[in-house]
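You will see subunit A twice below: alongside subunit B first, and alongside subunit C after that.
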Partner chain A sequence: MSYTFTILSPHDTPLFTHTFGTSRSSGTGTPAFTTADLALNPFIIHSALDIVEEVQWGPSSTSGSAPMYLKHIDKYQNNFISCWITGGNVRFLLLTRPRDEALGISAANPSSGSASSIYSTGSGAGSVRGSLAGGRAGLGGGAGMYNPTSPATEEAVKNFFVDVYESWVKTIMNPFFAVGHGDVVKSPVFRARVQAAAKKYL
Partner chain B sequence: MSGAQNQPTGLRYPSNKKTIYDRNLNRTKNAELSRAAFAYLFVEMISYAQQRVRGIADLEKRLNNQGYPLGLRLLDLLLSRSSNPLSSIRPTRILPLLQFIAQTLWRHLFGRPADALERSESDASQFMLYDNEPLVNQYISLPREMSQLNCAAFVAGIIEGVCDGAGFATEGVSAHSVAEQEGGASAGGGMWPGKTVFLIKFKQEVLEREEILGRGGG
Partner chain C sequence: MTPLQDATPKPPQYPADLEASMVLPKQRASPASSLASLPYRRSNPSLQKLFESTASISGSRPSSGTATPTASVVPSSVFSQASTQNGTGTPGSLPPGVSDEHRNLIQRAFVPHVAVLADEATEAMLRGKGLEGGLLQLLRPFGELVPGKVTIRDSIGASKSHEDFGIRFVGVRDGLVPPTSAGRNSELRMDTVTGQGAGGRISSGVPRPQRTGGHVRQIEELVDRHLQYSEFNTHDMVPDYLNHKEAPSQSDTSSSPFHTLYLRRLLSGLPVVSHETFAHPVACVIAVSSRHPNPTEEIRKLYALQHDGALRMPQFVENDYLRYYVLVHDEETGDIAHSNQTFESMKRHFGFHCHLLRLKSQQCIPSDDDSVRLPICEWMSAAEELAEIQKRETTDDISDPTPYLPDSDITAIRTFVRELVVQSVVPNMERKVATWNEQVLARRRGLSGRFMSLSKRWTPFGSSRNSSSPTVGSSSNYDSIQEFYRPDAPEALMRKLADYCFMLRDFKLALSTYDILRTDFNNDKAWRHYAGAVEMAALSALLSTSPLSSKTRTENIDSWIEAAVYSYTDRQLKPTPYYALRTLALGLELLRLRGSSAADDAARWASRILETGIVGPVGHALFTERISTCYSIRTGIGSMNLGARRRKAAFWSVLAAETWLRLSKALQAERCLDTALRLYNFNTENASGAVKLPFPQMQAFIDDLRQQILGLRLEIRGFEEGDEGEGDAVQQSLMVEEATETLDKSPRAHRKSLIGAPPPPIDVGPLSPMLERGEGRRDDQFE
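Showing the complex of A and B:
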């Protein structure tokens, strides 16, 4: 799985961006985005801001408070967006791009190991790959598929956001950091903190 | 400098090797500032704001601007401290936000909640927050020609920062002395000569949003 994490100011200025891969299940932590993906990701993230503004005030039945963690809010093709909004209306957006297998794009059978991967490359898997319609149809069922609303995924993303939020609050406590003026986070320590949280939870 | 070798970015660490990211956000209760130190600092802030200032309104505006970034920061700091961080919540309606200011923010700044919170009867977008004895005004005596001034404009700036940061844009928050407006005979004026009211006026779009959210019914 590959991730792009962006912090956006209340005026939609990107303050911090970090792209990384999963460190779970023998992942190396390097993202598998192509150059085209990397160019497209900012657009996907910015388009999700409309959804954030729709859901950020919460259902009207709430007692006047809403959680900061808005969970999975948007999906564009095979990219899933999760959001955390701070008290000061700074948005943390995490774009998740699962591996093709987890989307059912390359029709590998997870139960039969390496043999099936050889088999699938030989057979008609190539025709399924690249077909977005087929990939999305495959999302509906089957174990091992990526599901953005599963409790485990939500919890992992939440833990990641909680860690980043703590570092973020420490950043804005810096008297030399002009909060609300679109000041970009340049601290290498902050980046290291985000990397550590990503490695730990995602 | 051993730190310079493994940090090619030119980042300089404090001598104890602790960056702000290594420090705990939850200070203990006895980490309060002495009142004398605050009063001294605040006097310097006022005289700084007073340099080349045109009038009282200008001076109050400058004090307000000094408080504003504090509000933006305190909003997130206090929200992250308030409860279990795993269930972090933020105010999305006007009343919870004002409660947050009157209770949480006031307790953090002054060690006690604000004295009263009222909604204006004539103007629905206007709220009044009362403080009988503002800490910031405790050691300030105004000269006769500046009797209009209320240095709690600094606190008003903090309130404005909190409201703006939370997405509740205001037309401005201002501090006024109650006693001088209503005369010493009225309620509060006699007992609390320093009684101050903070007028919070929300923008129209905030009220519209509030109405839409309230009408949604869930």
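Showing the complex of A and C:
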């Protein structure tokens, strides 16, 4: 399970990006993206903004207040995107790339393309036995398929987003941080908090 | 990074960059390696003509938003247009659903098939005129578009005129696939290559599979040929550059000509199968020469041969279709009085469906006064076109082998075709539709019909069934061993009725009939028939002009397409991926035309094509590009353009550019990349002109891609500057003959040897479409 977390300004400028792997179930927290994946991820995240806008301005799924957590909104091949949107129209996007076994694809299968070269990190993917976000809950079904809309996954992602949101609010309350100008977040404290949240929930 | 990589806001800057970089010494590093296995390509003018004409027919009109079908053959080369970068244009200026190009294409693909059978004397006379293929070759191009309007009455009696109606002339046993292999064995392929120009169809009972379409591999190969041709022949960018400036930023709703070509070849040469009757002959033209001493007797002989002799269609094809008798009169040697007399007696014998076709028997040469070149068939199958290209590539003859005809012949044939269609084929189909509608469909639809269909499922109604209809046996009519319905079974008749309605463009009746058939086939577990009915139900619902609520669309059509694809591929022993691809490709085109909200679905089906892996590498690239156009047709609301899909469109364009690059198609890659940049640029709305991508990684990726494309183009140009080897053509032809027909997912071995430069290892697996960037090419070419 590998993640890319990106905070995007209302003008689509990335303010903060963090790539990490799952820490659940003996995961080391290192992402298992290939270089190709890493190059592609910004494109996927950026293209998901179309859907974010649609969900954001579309009819609300909950009655009354508009939710900040938009849940799973988009998917490109095996990359799933979840979104959290703040009051200031800053978008938190989390790209989830489940490990191949969780998708029903055997990693040894040569048809999965560059999969053989992906997992050179070894401990990154093969030994990871499910994370809270999808892994363990999904395994209950027996097939072990990753399901982005399963309650456990949604809850885990939500907890992560709530934690990050709290840190984010504290960061932008800093009077020296000009959030309106699309300032990139450089604060090491913020990064550490995001890492902590990721370790805790994902 | 070098200044080359400045993101170009406007395409015209591009050639200038190219010129500038040409002086770098390293780029010509080793053209020899790529030279070795590149096909010999440029020197044959007749070949060029073939490529030009085929692809220009295939409809790349730069005009935006024309709803007229492409009837005229634009003489200009398509490849000059292919390199202009007006691929999709800005989506903001694009009214949704404005270009009817693909709708017309689909309508013109499903047309009545008319078999052609001529006697030996006629064939001999036409061979003397230089037409190796005989009468069929002569008639085929003219059937594709019937001159003038054709008026068709639909089931409720309303007449409608169509400008672009056509029929397809086929050989008597064309389109038959050997039942054992479902048309994917390699002998078939060998036949394709070697069976060129064998005349005398009448005596040979063997099927000529060359005119049968339905081979995804061949379509891929053909489009690849066209692409390669465009790569190697439009290296000279200057005229395009000028042309491009004259028509700036014209939004072009039509897709790339190669995609249109792909679709057209997908729909050409529909195989004769039991689960759909489009390729079953609606009529048969039996032609006899007036030279024959006893034409009437000869006609009888041919009729018998075709009705129950060696040339009979397989069992599942209804045999009592219309026969149309033609007396071919030789203007130069024949005696017109005698011919008229014979014709009169023919009319007395055979009734109304006769025609006297007057042709000149002498061979016509291009320099003759009123000679006209025989038009090229638009709807030939991929195998046929491949064979044609190959023939011209390997031949040393400079001259164009296409025969020329005198003007009077052309007029005579046009009149004949029009008369055949307007007076015989269409009225006959109308009549049959009316009859079946009354006798089969109404009965099935009525109360007793419902009981009937119920009674098949529930035995308690068995007693009422026997009294109501004697035609339905106690069990179903489906022959599950041979997998067909007898042609006189009500299901088969209804299917035929629906197909006739579809061909006559009465989509409403077609839809309701397919809908009934759907349930029947489902009950009989006739999965291929079920898939066919569901596919056509979806298509006729999408083709009908009535507005479609989004609820019907999502509930019916989506599930229909899904069911069709599933039933074509997974539900049967012999999967038919060709039909699944057809369903998806046509469904996506029609959905795309349905306006913005359907465009998402269209894109979804397109990505389904990619995921299921039913297309090869060329199709993969084309459909990736197509997803981008599907998204870009979706326009947003208001000043913020909410709900638009520009970012997605741009993303898929980038993916397409990358895929093209991996296939070493620099022009296409470049076009896609420019489209992507335009879309990204529109998004950010900055006035400075330079495209600034939000993510630095994205910028780097695009710059890198741009540079690789440049490198590839220089490589191609390097090839152009070298000398060309004669032996390559031979080598190429050998290679093509060896190609197997299997539809495996990575037919990369051949491709690798076709294209000289070793392409990076490619994967089409759904998992990771991207390749590791920074291939070795960069290292030895740049920096």
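To be clear about the criterion, the second predicted complex is superposed on the first by the 160 of 202 C-alpha atoms of A that agree within 3 Å, B and C clash if a C-alpha of one lies under 4 Å from a C-alpha of the other, contacts with A are read in each partner's own complex, and residues count from 1 in each chain.
Definition applied: a contact is a pair of C-beta atoms (placed from the backbone, for glycine too) under 8 Å apart; a residue touches a chain by one contact, two chains touch by 3 or more.
Everything quoted here is computed from the prediction, not taken from an experiment.
Asks: Look at A:W57 in the shared chain and tell me whether it touches subunit B only, subunit C only, both, or neither; answer first, second, both or neither.
Replies: both
Asks: What is the contact status of A:E166 with respect to subunit B (first) and subunit C (second): first, second, both, or neither?
Replies: Touch partner of A:E166: subunit B, not subunit C.
Asks: Just checking: does A:L49 make contact with subunit B only, subunit C only, both, or neither of them? Give me first, second, both or neither.
Replies: After superposing on A, A:L49 lies in contact with subunit C but is clear of subunit B.
Asks: Who does A:T13 touch here: subunit B (first), subunit C (second), both, or neither?
Replies: After superposing on A, A:T13 lies in contact with subunit C but is clear of subunit B.
Asks: What is the shared patch of subunit A, the residues that subunit B and subunit C both contact?
Replies: Residues 57-58 of subunit A touch both subunit B and subunit C.
Asks: State the interface residues of subunit A toward subunit B in the complex, per the touch definition above.
Replies: Against subunit B, subunit A makes touches at 10, 56-69, 85-89, 158, 162, 165-174, 178-180, 187-190, 193.
Asks: So in the complex, the part of subunit C that touches subunit A is made up of which residues?
Replies: 611, 631, 640, 642-648, 650-652, 654-655, 683-684, 694-695, 697-698, 701, 745, 763-774
Asks: Which residues, counting only subunit A, touch subunit C once they are in their complex?
Replies: 8, 12-14, 34-44, 46-51, 53-54, 57-58, 77-78, 100, 105, 111-115, 117-118
Asks: Note which residues of subunit B are touching subunit A in the complex, please.
Replies: That would be residues 7, 9, 11, 19-21, 23, 25, 69, 72-73, 75-77, 79-80, 85-93, 95-96, 164-167, 209, 213-218 of subunit B.
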